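Presented below are the structures under discussion, each in the form of structure tokens.
You will see chain A twice below: alongside chain B first, and alongside chain C after that.
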Partner chain A sequence: MNYTTALTTCTYCGCGCNFYLEVLDGKVIGTIPCKTSPTNEGKLCIKGWNVHEFVQNPKRLTKPLIRKNGQLLEADWEEALDFTASKLKEIAGKDGPDSLAFLASAKLSNEENYIYQKFARAGVGTNNIDHCARL
Partner chain B sequence: MTNSVAEIENAGCIFIIGSNTSSSHPLVATRIYRAKEKGAKVIVADPRQIHVADIADLAVQQNLGTDVALLNAVMKVILDNNWHDEAFIRDRTEGFEAFKELIDGVSVEDASALTGISAEKIEKMAEIYAKADTASILYCMGITQHTTGVDNVKTLANLAMLTGNVGRESTGVNPLRGQNNVQGACDMGGLPNVFSGYQQVIDQASHEKMAKAWDSGKFPREVGLTIPEMITGIEQGTVKGLYVLGENPIVSDPDSNHVAKALEKIDFLVVQDIFLTPTAELAHVVLPGACFAEKDGTFTNTERRVMRVRKAVDPPGEARQDWEIIQELASRFGYPLHYESPKAIMEEIAAVTPSYGGISYERLEGEGLQWPCPDPEHSGTVYLHKDKFARGRGLFHPIEFKPPAESTDADYPLWLTTGRIFSQYHTGTMTRNSPTLSSEYPENFLEMNPEDARELGLRQGDSARIASRRGEITARTQVTERLKKGTVFVPFHYVESSVNKLTNPAMDPVAKIPEYKVCAVKIQKDTQSA
Partner chain C sequence: MIETVKAKAKELLESGNIQGFLGLIEKNGHIAPHLFTDPVELQALNLGDREKAGDARYPLTKYLIQIAKAHPEHIFGILVRGCDERSLKTLYNWNQLDPNQVVPLGFACPEELAEACECLQPYPDACEAGEKVSGRSFEGVAKLDAMERGERFDYWNEQFSKCIKCYGCRDVCPVCFCNECSLASDDLIQTKTFPPETPLFHLVRAVHMAGRCVDCGLCEQACPVGIPLRTLYKKIYAIMDSEFDYQMGYSEEKSPLNLL
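Let's look at the complex of A and B:
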């Protein structure tokens, strides 16, 4: 048996509570609130206490999917990435960069949002980038 | 937030407006309870009698969309009684005269009629807020999700400036951000008008700086499209491809029938997410990303605190790190990126973003850092606007009350407002896939005052058909005194009974935020499934 913990930040609301995710043999089995966290000081709400549950839900996406004949079918990464990049390139080439739009994410990390907007702006050439801050 | 979460518990007065704090931000609500124990006066203004109202010194239930009328009347009372902070207004602000002229014309009686709150209670609110040594305003989407969202926020800023409740500990105008990293997504330039750190895309110096840093000046100096404008663009055929990263606009956007139709029509839709969301079901390509437990990085919370996220487990199956997927797509698109880790990306963020200039993974060990943190020696900023405002002097805006975009009438006689519940989160992608959380409220419901329920022949648990000018849903009736007669509430987490089929896509002209919090509906008993 291999038991480890990772100190991290909650993925639900904007409070930013810190807790340890408990990991047993590669599976997240629970959360322990962090007492030294400036926001939650050792407490958690019902969502925080149960945040590990969705992580290993069997409905998680595990493979890329590509629509073929109207159906989403499993594909390998090479095909999915090449197809996506080539479609984006084709549209930008034909109708200009502003015919593409990008939705960033309030769920993803700073680093991911940063390189995403960098790709949209510097790579594709559009400022059509927004996320659900208003929603 | 202008101030920090921990400061709330030392405030003399906490004014909560348009935030169901105990439900949506439980660990902020803890500070309110502690403040109350220490003697703080608590004011709650919300169309519903939310739980935190139960401990309030004064709780009022304003009619939907009447916040400006309420707050202007509160400020009228403050000025009439000379409870305002003359020194603060003189030394730190501008535009007071024009603002005062507008407030002088406000009638508390008229405001009372509009808001449904008695003049006595409006006067009491003004007195409690203005007489406190430190008063802290907490607000959330109940203030912003209106066609007058910007007006509402500016009016709260007027109130704080009028009484000198900005730039000091335990004061401020404090929006509670609803998503773990909505602050960070804004800070990082996930918006059509700004690069990271709110550097304007229309500003020539910023444009040149980023073009140099990124070795590409391809991006225009014009503001891009917001989400609602993207949807319109898709309908009109000007937007042909959409890349969606971890969002679910079919459930989260207003008038969602309309959004679904647009997305069904688009030439190319790629969705990167952790579950097959209703939006992903329409995609041409779905890319499996990693959830928070599977990645290294940082989130920025509602008090501007940048905190580490650390990887606990590997993503399932072949799912990949989101930054790696984006990097691969950018490279294949013809803009090669070569970051080795999230840490390396943060080094670039710090280099090009003034407010994140002093942030590094080494320094984030422990409690994290609150921006602005401009250099490696800076210890971060607990509260903003200390000696001066970002723009120099704080500007008063004279703001007149404007009614919501849609009103009730003979056909649609009830007011509908929407929001979250304590055990669910946003479109339910995570919480509804969590057995414990999902079991709290497995299905959608409609909260309604007993009198309205009686008139409509609805009893607790009855299935009700709720229709607006845009769509119809069914939900189970919950009869509750927490709503005033004439106003009903439905949460927005349930795709099979999606209240955003009903909501009004009318937007604030500046912030482009839709009016989720007000629309007109009609309700009848659902005889088919009752």
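Let's look at the complex of A and C:
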């Protein structure tokens, strides 16, 4: 028997609400908004309340997919990154960097988002960068 | 008082009468629900008081439902205030928890919390720590009842219109356990639309909670927009009391509405 509550931060938007994920025998079973968090004081929106449902959802992608002949097929990271890099280079070379756009995510950390925009701006050379938490 | 609770919980764990004690712990600078299995951890036990009494209460009995179901072979101790004990009683009535699997450890709430909650009985029947203070009457309800009818209707409509449909009132509720929720039923409300229908959404929940709500006030605390849900449900308590002679959370049997 192992029941723990893990304090973490919501990944849905930039507010930074805190909650506990209830873990029972290795399975995430519930979300408990943290009452002592100065950000959300024990309150959450509907997305936050349901975070535990996506964490171990079987529909969640665990491997990169590449579309080949109209079908999404599992690929390893090496292949997926090579494919993405060569396509980005090809498009930027042909139509210019502003023909590309980058969408960042609240599910990344602050630092990862920083690197991502740096990659878009300094690496590729476009200011076309936005974020899913533009609610 | 907290030392008495710690000592009792330690005694229970060490005696082997329980295999886990569900309470609150101070960790990471916060107060969190925690299942104590090692008596040493009890040093960090907390009663749910941060800056003021009871400002970090959690629906522990709700969490116990899933833990107890997964481990029917174990007996669990649980930290209870008056309202938690009322929810336990209700969960026993509804066969969500087995009283043979639960050992409550009760403590009384202080004066200031009893006052703030307008709690009828701010202590559990089985009270092992703290000094019992007397219950309060529902002054918030009386204040609203004193309003003129139209004014009161406008008041509630305005409150309900703030709702962002987060379902927090349901998700935090210690006595919300239905497999099929009224608030997810297309026959009763519009489920996939926003904003929620005013006042229907909240009245569907209010009617469903009649006979079940134990006046713990956690829904009101979880509400991001500050709808005075506790006052609404206190009014329901008063109606159930006067019309059906049924005291929600205090009566030993299921409510008379179950026959309907």
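Observations, loosely collected:
Rule of thumb we're sticking to: the second predicted complex is superposed on the first by the 100 of 135 C-alpha atoms of A that agree within 3 Å, B and C clash if a C-alpha of one lies under 4 Å from a C-alpha of the other, contacts with A are read in each partner's own complex, and residues count from 1 in each chain.
One rule holds in what follows: contacts are C-beta pairs under 8 Å (C-beta built on N, C-alpha and C of every residue); 3 or more make two chains touch, one makes a residue touch a chain.
Remember, it's a predicted structure, so these values are computed and weren't measured experimentally.
When the shared chain is aligned, chain B comes close enough to touch A:L88, but chain C does not.
In the superposition on chain A, A:P97 contacts chain B only, with no contact to chain C. In the superposition on chain A, A:N69 makes contact with neither chain B nor chain C. In the superposition on chain A, contact of A:L24 is made with chain C only, not with chain B.
By the touch criterion stated above, A:L7 is placed in contact with chain B and with chain C alike.
More residues of chain A are touched by B (comparison of chain B with chain C).
In the superposition on chain A, contact is made by A:C45 with both chain B and chain C. Common to the chain B-facing and chain C-facing surfaces of chain A are residues 4-5, 7, 18, 36-37, 40, 43-46. If you check the complex, the residues on chain A that touch chain C are 1, 3-5, 7, 18, 20, 22, 24-25, 29-37, 40, 42-46, 49. Taken in their complex, chain C has these residues touching chain A: 19-20, 27-35, 37, 50, 55-58, 63, 66-67, 70-71, 74, 164-168, 171-172, 221-224. Residue ranges of chain A in contact with chain B, taken from their complex: 4-18, 21, 23, 26-28, 36-40, 43-47, 50-57, 59-67, 72, 77, 80-89, 91-92, 95, 97-135.
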